[in-house]
Amino acid sequence: MISHNAGRRAILAAGAASLALPAIGRAQSAPVKVGVLLPTSGILAYSGQVAARGIQLGAALGRGAGGPAIEIVNYDTQSKPDTGRLGVESLVRDGCSVLIGAWDSAATISAAQACEAAKVPIVVNIASAPQITEQGFTQLFRNFTPAGVLIRAAVQRIKEATDSRSPRPATAVVLYANDTFGNAILGALDKIWAQLEVPIKILDRIGYDEKARDLSVEVAKARATGADILLPITRVNDAISIVREMVKQKWNPQAIMSPGSPGPYEKSFTDALGKYADDYMVSVPWYDPRNPTTRALVARFERENPGQRFELNAGFSCEAVQIVLDALIRARSADPAAIHAALRTTNIADHPMYGGPIQFDAKGQNNNIGCVLLQDRDGAPLVVGPAEVAMGEVRYPLVPFDKR
Amino acid sequence: MSAPLLQLLGISRRFGGVAALDGLDLDLPQGGITALVGPNGAGKTTCFSIIAGALSPTSGQVKFAGETITGLPPESVCRRGIARTFQVVRPMRDLSVLENAMIGAFGWTRHVATARLAAADALAMVGLTAKANAAVGHLTLPDRKMLELARALSTRPRLLLLDEVMAGLRPTEADAVVAVLRRLAAGGLTILLVEHVMRIVMQAATRVVVLHHGALIADGTPAQVVQDPRVIESYLGASPTDPP
Amino acid sequence: MLLSWLNILAGGVLIGIVYALIGSGLTIMFGVMRVVNFAHGEMVVAGMYMGYFAHSLLGLPAPLAAIIAAVVMFAFGYLLQRLLVEKFMARPQHIQFILFIGIALVITGLHLAIFGPDAHAVDGPITFATISLGPLSLDLVRVQAAGGAAVLILSLVLFLRLAPLGQAMRAAADNRTGSLVIGLNVPRICALASGIGAACAGAAGALISPVFDTEPYLGLEFTLIAFVTVIVGGLGSLAGALVGGVLIGLAEASAALAIDPQLKTAFSYGLLLLVLLLRPRGLFGADAG
Amino acid sequence: MQVDRRLGWIAGAALFAGCAIAAPWLDGFTMSLLTLVFLFAWFGQASNLAMGFTGQLSLGHALFAGLGGYAVVIITTRYGLSPWFGLLIGMPIAAAAGAAIGWLAFRFGVRDVYFALLAIAVAEMMRVIFSNWNFVGGTGGIFLPALSPTNEPLRTLRGGALFYYAAALFLATAGTALLAWLRGARIGYLWRALRDDEAAARALGVRAPLHKILACAISAAMTALGGALYAHLNGVIFPDSMMGMALSIQIIIGPILGGLGTVFGPLVGALVVVPLGEISGTLGQSLGISGMNSIGYGLALILLIGLLPGGLWPAIVAGVQSLWRRR
């Protein structure tokens, strides 16, 4: 439950507004169907299911706050690229007037094309390929940072965190997963590193096959560069392998700072690595830990989903539901065109994820998403930057693995 | 008679250390039915496979109509006019009887209709017309043997290599095949056949060539060969006077 | 530099021995049954789950878990053959392919449904421990996995050479119709082979569960690794599987080190291609006359 | 044989004509599903040609789909040229790749399982190479720009759902007709003879290397054409999704289930397999068990091949035949 202190917060505001609008008040008419496309099975099932829990939470919050009545209709993309289009058609046939999805960039593009034809808006909860909002889609709204923007913020965080350190790091090495995501991040990293004039020299960029199960060689190569800090761009499994190899190879750089990639904030990472997970840093979009509404929401999520951590997949999915609810209230109708028009003028100041108000530009991109610096501390991620949301200080340099 | 149609010059073939053929020389003139006989392991099938291009000889040369064909792949050998049948029948199961017989005709025609006519002719020659549209799975063994023959004929060969085409047939059935072969030979086709049953050899062949341990030990008319003491010793056993 | 080379190559050999165990399972099934198990990788993953749970619930080390996994997977493989695969033995290869794709999908689906999509990582000090061997510093979990795999391969070889049942299996592998004639119970021998094949996969899975994290969708990768291993060594040959596994482990490690880590899988496929072309039946395969 | 063909023509003509006429009344979902059905029927016909007609079990067909898809996408997005030109380049490249694999296999006597693995090895190597090749976008893939409002589908080979539906329907019809024609043509006979018994066929003068390589090349070029449409349909191309094992397997399941070597098998197979994937997805979704789709799909595959030895199409033919006789 959300405390009454949060009454001014958007979700409750949404509830109040809905009471004033009998047209879609929940007792008065059939619920609006909201279609959700996520890869809840197949190779991306892990992230897809975390996102699905975020959607459930968002819907539950809306219900609890007396928001407009909605019915969530799920579609499993099975992690296949060609199901995005099929999923949209299926959901539209089932009467959905607005969609949320689709987590991975391939299914999102495929879905966006069908949305374009069906004239049904889609709120992209997660998908980072910059191209998604550059293809000229009119029905697509993305409340997630494209790789370039994410990395600009991430590099900013890294620069802040290393600027006044002693010893001051002079060199870095990149270890990156050579997949769609890793490549997008790496491409942006090089550009922005130069633009922001980070005074740290990147010595080498070592890619590895995304399917590699064994990263000993890669870590040995990275270690051999003698770099002061390691910049890993990973998924969660490879992040775990990298730390294990570092422990075994007794490599203690001054810091491990991941520019905007999954892994270190996930529960399986901290569970698998225990004390060796600590001090690993990552800059990612994250929830605002100083916002009491958000804190209540996080607590509720972790209570309702034992053993799960509220992270950005859940957070942005939850927020996507909030965006849809907000649009439904203002649209006063279940008509996709009206919802589309309402989404265009979205302006939500108070929302769980750190950043400015949620607004979409002409391309459907929200440019106000913030980025924090997380550092694992005692088996959980702690926000250590920027100052306005930090809950603790950066620990630098990292405690050598053999001294833990 | 002019230059021989087929010439084997010093053909040897070794499998590991064993010589299946050891310096075999053989001339086959145009026309007639020649039987290649010999005990098991004498190298008859090896000899066929080398002529047909399925095997390469370790040394020696094969000449056909004056051209060296040693080492050519089987399809090229066939396209030059040598057709063979297999000891174990190998029909194509997915094709009907007529379609099986058409395959050989595609070596010389590109037209399906022409091939169909040629296949029908070949089937008629071996008496399979009635079963042209049957599935090969339903054929009896004699019929399959005839199909094997018809397929070879549809390639329009100048030389036909028949590997035990009458094995497993009853005497009356075998006689019918002999009649077919005689008719073909009379039409100018040269036939070289491997055969075990001496009765058939005597009946069908105009010439008999005897192989033993990969070498030629006798060559002559059937009557001459059965009197040859080396043949009697190595192959026919102790009683040459008995009709086999 | 030389030392790191040595370390990495040694790591390649260690993981190669585990690949060899995975490959042995595939090769035995092919040798006896003439069936290509496209669900082999999924059976490895099943073993990985057993290894993970044996560790996290019972605190068992991987080699003990491997024994449990081998027993369970043996029963699975045996029953699978008797109840299902047996009916497909005489069917064409492409039909058997679909059968095993179906089996693989069911196993993967069960893993996802039961254990969820999360990666299960064995935790605890053992995953960080190394042992020093002269100048080499090797991961304890890898040494343990390779050691376990080597023991299992060796016992398998002894079984096939010495035990009457093993000899019967070899006879059946050499000549199927022949062994029918001399009165061997071929269906039972096939079921045994299937059981042993699955047991090898399961045991290998349990052994590597502390090395690689367990997730439902690893199957296809392991199947491909098993194929590469076995084809390089020669389908149907145990010695071939061993050599193939070690070669692949070495090739991947040295390619990653000397050329580019991202291309290491391309190298093992390159090796496969080379072997296929130069020795189509593999390094140790019987030449098909 | 006769029933097979007559039934096939009637059913095929009715299906294709029906689907063409029904287009304006189809809802978006059915149309999208049928689009995939027809696209995979085309892929299925392509692999049927190599696998069913010539007997070469290829598990690497995604390579050709990828080559076709990449050629068209690169030609249009990088060079701004016509996608038709892309096809003109992509199909011969795929054909050459297919021919090269066929030649290698023939030259070195790689057959059966070994041929399947040769194809996998080449496809996987190319996938890794494409993943690391910046010119083709690496693993980042290539995204297609949104269509302009004045888009002419026949010029850009892209369009709305109806365009893809029509294109896939055209391919499926053309593919089925092509295979029907090839089956009765000289080369079809030669392919089937080679498949049934290569040594016997060669002894009858069938030029095995030429015809096998030709089959690989034609099959590859067909797959490349399908790949181009698939890439356009998805709006994006990645090495993983277009060259991976998953697609290779997906391509060959349909024709095998439908009845390998038959003209209508791949079509029937696609009609069953594609909706089956969708139904099993819905099943998993409605039960709330996320692995259920995979379990359902796998069980259905096992059941279908267990119960119908020759595939769906021969079973349908046999069924109709027995009904016929009973009357």
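Letters are used for the chains, namely A, B, C and D, taken in the order the chains are written, and counting of residues starts over at 1 for each.
Following the convention adopted for this analysis, a residue touches a chain if its C-beta (ideal position, glycine included) is under 8 Å from a C-beta of that chain, and two chains touch if they have at least 3 such contacts.
What you see is a predicted model, and the numbers here were worked out from it, not measured in a lab.
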Checklist line | Number of hops, chain B to chain C, where each hop joins two touching chains | finding: 2
Note to self: Using the stated contact rule, I'd like to know whether A-C or C-D comes out ahead in C-beta pair count.
What the structure shows: C-D
Note to self: Measuring from CA centroids, which chain ends up nearest the centre of the complete protein set?
What the structure shows: D
Next item on the list: Work out the mean Cα position per chain and let me know which chain is farthest from chain A.
Entry: B
Checklist line | Whole-Å separation of chain centres (CA-atom averages), chain A against chain D | finding: 37
Margin query: For chain C versus chain D, what separation do you get between their C-alpha means, in angstrom?
Written below: 32
Notebook entry, point to check: If you average the CA atoms of chain B and of chain D, how far apart do the two points sit, in angstrom?
Noted result: 43
Next item on the list: Check each residue of chain C and list the ones that touch at least two other chains.
Entry: 112, 116-117, 216, 260, 262, 265
Item checked: Two or more partner chains touched - positions in chain A -> 41, 45, 49, 178, 207, 209
Check: Among the residues of chain B, which ones contact at least 2 other chains?
Finding: none
Notebook entry, point to check: Tell me, which pairs of chains are in touch?
Noted result: A-C, A-D, B-D, C-D
Notebook entry, point to check: For chain A, which residues count as touching chain C in their complex?
Noted result: 41-43, 45-46, 48-49, 178, 206-209, 211-214, 216-218, 220-221, 224, 236-237, 240-241, 244, 247-248, 268, 271-274, 276, 401
Check: Which of the residues in chain B end up touching chain D in this complex?
Finding: 52, 54, 73-75, 78-79, 83-84, 86, 90-96, 99, 102-104, 106-107, 110-112, 115, 133, 151-152, 154-155
Margin query: Give the list of chain C residues in touch with chain D in this complex.
Written below: 36, 84, 87-88, 91, 93-95, 97-99, 101-106, 108-114, 116-117, 216, 220, 224, 227-228, 231, 235, 260, 262-263, 265-266, 269-270, 272-273, 276-278, 280-281
Check: Can you list the residues on chain C that touch chain A in the complex?
Finding: 1, 4, 7-8, 11, 15, 112, 116-124, 127-130, 137, 139, 211-213, 215-218, 221, 253, 256-257, 260-262, 264-265
Note to self: List the residues on chain D that touch chain B in their complex, please.
What the structure shows: 1, 184-186, 189-190, 192-193, 195-197, 199-209, 261
